[in-house]
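Chains here go by letter, A, B and C, matching the order in which they are written, and residues are numbered from 1 within each.
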Amino acid sequence: MSTAARTTWLRELIRKPFFWGVIAIFALLALNVIKDPNYLALSVNPVNGNLVGNVVDILRASAPILMIAVGMSLVIATGGIDLSVGSVMAVSGAVAMVFMKDAGQSGSVGVALGAIGLALLVSAILGAINGVLVAYIGLQPFISTLIMMLAGRGIAKVITEGQNTSATNDPFRWIANGFVIGLPVVFLFAIIIVIIVGLVVRRSALGLMIEAIGINPKASRMAGIKPTGLLLTVYILSAVLAGVAGIMSVGTVMTVDVSRTGYQMELDAILAVVIGGTSLAGGKFSIGGAVVGALLIATLDKTIVFLGISSSATPAFKAIVIVVLCLLQSDRVRGWFVQRRKPPMLRTPSLPAEPKKQEVSA
Amino acid sequence: MSVQRRFSKFLGLAAVGALTVGLAACSSGGDGGSESGGDSGELTTVGFVAVGPEGAWREANETNIQDTFTKDAGFDLKYAPATNLDQKSQIDAFTSFVDEGVDVILLSATEASGWEDSLERAQEAEIPVILLDRGIEPDDTSLYVTRIAPDNVEVAKEVGAWAVEQFPDGGNYITLEGPAGVGVVNERNEGWNESVEGSALVQVAAQTANWSAEEGKSVTETLLKANGNDVQLIFAQNDEMGLGAAQAVEEAGLEPGVDVKIATIDGTKAAMQALADGQLSYVHEYNPLFGDTALDVVNKTLDGESVDSYIIVPSEAFDSAEAAQAVLADRKY
Amino acid sequence: MTEPLPIVEMRDISIEFPGVKALDGVDFRLFQGEVHALMGENGAGKSTLIKALTGVYKIDGGSIIVAGQERQFHGTRDAQSAGVSTVYQEVNLVTNLSIGENVMLGHEIRGTFGVNWRATHAAATDALAKLGLEYLDTHKPLSTLSIAMQQLVAISRAMAVKAKVLILDEPTSSLDAAEVEGLFAVMRTLRDQGVAILFVSHFLDQIYAISDRLTILRNGRYEGEYLTRDLDRHALISKMIGKDLGALSSLGGNRRVEQRDYDAEAPLLAAKGLGRQGSIEPTDLDIHTGEVVGFAGLLGSGRTELARLLYGADRAGEGELTLHGKRVDLKNPADGLGKRIAFSTENRRDEGIVADLTVRENMILAIQAERGWARPIPRKEQDELVEKYITALNVRPADPNRLIKNLSGGNQQKVLLGRWLATKPELLILDEPTRGIDVGAKAEIQEAVAQLAEDGVSVVFISSELEEVVRLSERIVVLKDHQKIGEIVNGPGVTAQQIVDVIAAHGVAAAAESDIIDAEADVEPSNDPDTAHTPASAEEES
């Protein structure tokens, strides 16, 4: 019976769309450990008591990806896509940097908060423009956000007058580089925000409605759901999260590089969402999956550097990992896997337990 | 990335109210809006087939050219930046300059190959062509007057020489490269290797950080861990990556300039500031400001004088905080 | 009938889904040149058996023999190449493509340079001609056809591949009587050509009209195989539901007999000249509290279109609507919902269910939409509500966490009914609530409607089955050609035939006028009944 319970548990786990993402993270970590047995070692910096280690670096690097991946998963769930997140990151970073550069006062918390507030406000406006184009004007999300992707970089350049802009502000820098009780602030922030978004989405009916309009917009409309407000909310949320990601991103070096900050991050976000098991066709989404996807991408980026894979081979290596992962996630390939597990499954007494997601059709 | 360039150009043009002209420029590569035609009878017409928005260095370079070939100096400069760094748009612009019959063409090619036909047409029309910064492949010097550029190989060689001198007993170093496969990256690697080969310096890692400070920091952070902080030198192929690396070095509990020396190429103002602050140890300028040289060459060419087929723009090296301090005040870029 | 070897023989078929035995030792035989009806209630395993035959599901036990060979199909394509073609319960076509492309999809005729479209369309016309549809323009997009016509195109498509076995899963559920007759004619032709036809329908009349033999399933088990002529209706239904019919016969006693004084009470809802260009002519209509008003008319008569205006699914282009004596403008479904109006669509798959959500989520969707996303319904309240309607409407399986797409059509319909009842509507519009569902579920829904009216809810009841309309309604609004042509106050003497007569009589009158209409057609193309045939699709609110 215990083996039966275990196989059921295993099977449940394998059915989770992000199962292979978790496996991939562990596989990559294992690869690093093979290169350096001390890879996972954490030490405490004797001076400031902060945790030091490769894993800590991965968590820090994953923070901005986490932000945009969570936003992206909601947008994709509605059946849309947000290509502008990378550009919004650049705009947000540019606004914050220029604001702080002009304000001076490198130690002022007020200046930092002002910069953050202004950056998020501008991000929200850009998101609202996306939302209006999609929800009210009825443009295709791909086109609307593509426009914003192009426009965003332009806006960032206008804000910074085309220059890479640096500023000094210790509280702001602390967000990306600081530590609290030994843990990196930026990751704590990211996780808190993810949890808040997750709670809001799942505890309210927002998640249900997003899924409903993503799965069947016509039926949702007939059920009285007004998609416009929802879409606007989702695109604003995505942009604000991208704004947070931008702040985290420029905060690490206190420089905004208008052509590189957030560059191609929309692709990372989309990948993270897909790895997490949310279908690009919209509908069901998984914030947990997006978190796994974001962590995987950060791990992958760091592994490439750690293993010393040559720059020219980097894209290929990344592509291979992601292709393998997507293959493992495909229903067909997963079918093979489950098939092989099937004989022992059949021997287990069919439990009266609630049959959850089996495909039963009359 | 290329598209966003187009957009920023787009914005700029819109700002001067030359939207339609700008759109036409995208396809024909004609007058990009810097000049509004008019009677230029006594002026020397110069067609500038340019790269357009690419980064701080390029901006400094092209602004410098535009500031040099002014009407006051007797020139009518037609500025035609590439659309999306697209070579085709450059060739279109080049061709229309030839058809227009400008007096001289300045060319900063986005791609090295594929220029033979265009250059031959210019030669038939007896329009001299001067290459700025970027060279062409194959390098047929009979097709153009001269190439004016700082020399990447030479600059990197000097950085390498400095490194060898700094570490006579050897040491471990990391190279932070630009995107894989780009010509500049290859040239800077080539020059560096020329100097460093045979020395006691050991390259423990070479990794791209895509010219970006943020990536420079992230890559350095991991490479330091991968090597147990046993790194004495970082060669960053541009300033931004070096600036990012400096922060990673600090966060790893090491002191830039003492535990780890960082050398960069470009010489932007931010890098000079960092050098002055002791964050960086060595900055080699890659001089974008060669408008005067170009002006000189143009005048000489039009007067029928001959010039060398390759004019290297001198670039300065800065190896101390004091040297950086001295130029910081009037650094333009 | 002599019995040669069956073209399809399925022996002792078992299919298990974790926790559920969908099929348990089922036998099934299909002979060439017969129409074989597969009978059973929703959930009896009809669709599962068909999917086992067509290779959609893998069988866990038993064997499938096609044309003397043991076969195991992997997917419909496999089955198709062995001569087994299927038309599914819900139309499954690509509405963006042309009619011809849909008919020939995957079987386009190829020339030297890719698809030879001319030949492909010619072949499509041929295939359509077999169903008497040669008048269709194969180049027109499929979306210009009504659902009924799309169904026929789906059948043409199955026939285009020269099938030896044709599986028709509920092909008649969206056809009107004339269309059904046309289909039957084709089925007979095909049967005479030796095609074996497996036919599923919930209309007993149709089973007796067309089938030669039938196999009955109940709860995933084989109940028996009979010659149709040997089994009377009573016996058939009893075998399907596994109990005697007594309970069902008493239906119809629910119809109200007392007469209202319509002038004396103010109507709940009054429409004056309510219309929408190209979908329904200006219409006057009163609906009183606690009244069941039937909309009778053929498909495309405007009955759905009128109902959509009453809910706000489409916005009225002209006329006015008053509710409780107050003028209202319903711009979108949310407006209708807010005014305590509910509308259950005829197009269950596209406009009804949200397939990948659970029964619970589907049921609470409308009330949640009305509350807004920021005020979620507490889980406990949800569970109580869902539990209540699952029990009241006898939804099977009674599992609120099952995905709705895994329920049978009839049970999906009950869940949707639950969704609308949960909104506590004053006016409930039911468009074809009983289409494509079995006798038992149909009776349950009819009972629910009668009970609602008893409780003071006004109901608009739309059905192609006139008997059903007559049985349930107090008043019957008769529609034809996008306009209301009459209103019948129901009473003891009213029969379905009377309604048919009203429609037919109007037809004669209309035919007499048709010269005039034709003359006007050039001036006002939007009134062309052909183009207006499709229900105006939901226009997005701006």
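What we mean here is this: a residue touches a chain if its C-beta (ideal position, glycine included) is under 8 Å from a C-beta of that chain, and two chains touch if they have at least 3 such contacts.
In this text, all values refer to a predicted model and were calculated from it rather than measured experimentally.
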Chain whose averaged C-alpha position falls nearest the assembly-wide average: A
Chain of greatest Cα-centre distance to chain B: C
Between chain A and chain B, centroid-to-centroid distance (C-alpha), Å: 35
Inter-centroid spacing, chain C versus chain A (mean Cα positions, whole Å): 43
Distance between chain centroids, defined by C-alpha means - chain B, chain C (Å): 70
Partner chain B, residues of chain A touching it in the complex: 35-36, 45, 47, 53-54, 57, 61, 87, 149-154, 157-158, 162-164, 166, 177, 249-250, 252-253, 255, 257, 259-261, 263, 301-302, 305-306, 308, 310-312, 314
Interfacial residue positions of chain C with respect to chain A in the complex: 16-20, 22, 42-48, 51, 313, 332-334, 336-338, 343, 345, 350-357, 361, 365-366, 368-377, 399, 401-403, 406-408, 411, 419, 538, 540-542
Complex contact set, residues of chain B against chain A: 1, 3-4, 6-8, 10-11, 53, 55-56, 59, 177, 179-181, 205-208, 210-219, 221-223, 225-226, 240, 243-244, 247, 251, 253, 268, 270
Chain A residues within the chain C interface of the complex: 136, 138, 203-206, 208-209, 211-212, 215-216, 218-226, 228, 230, 283-284, 350-362
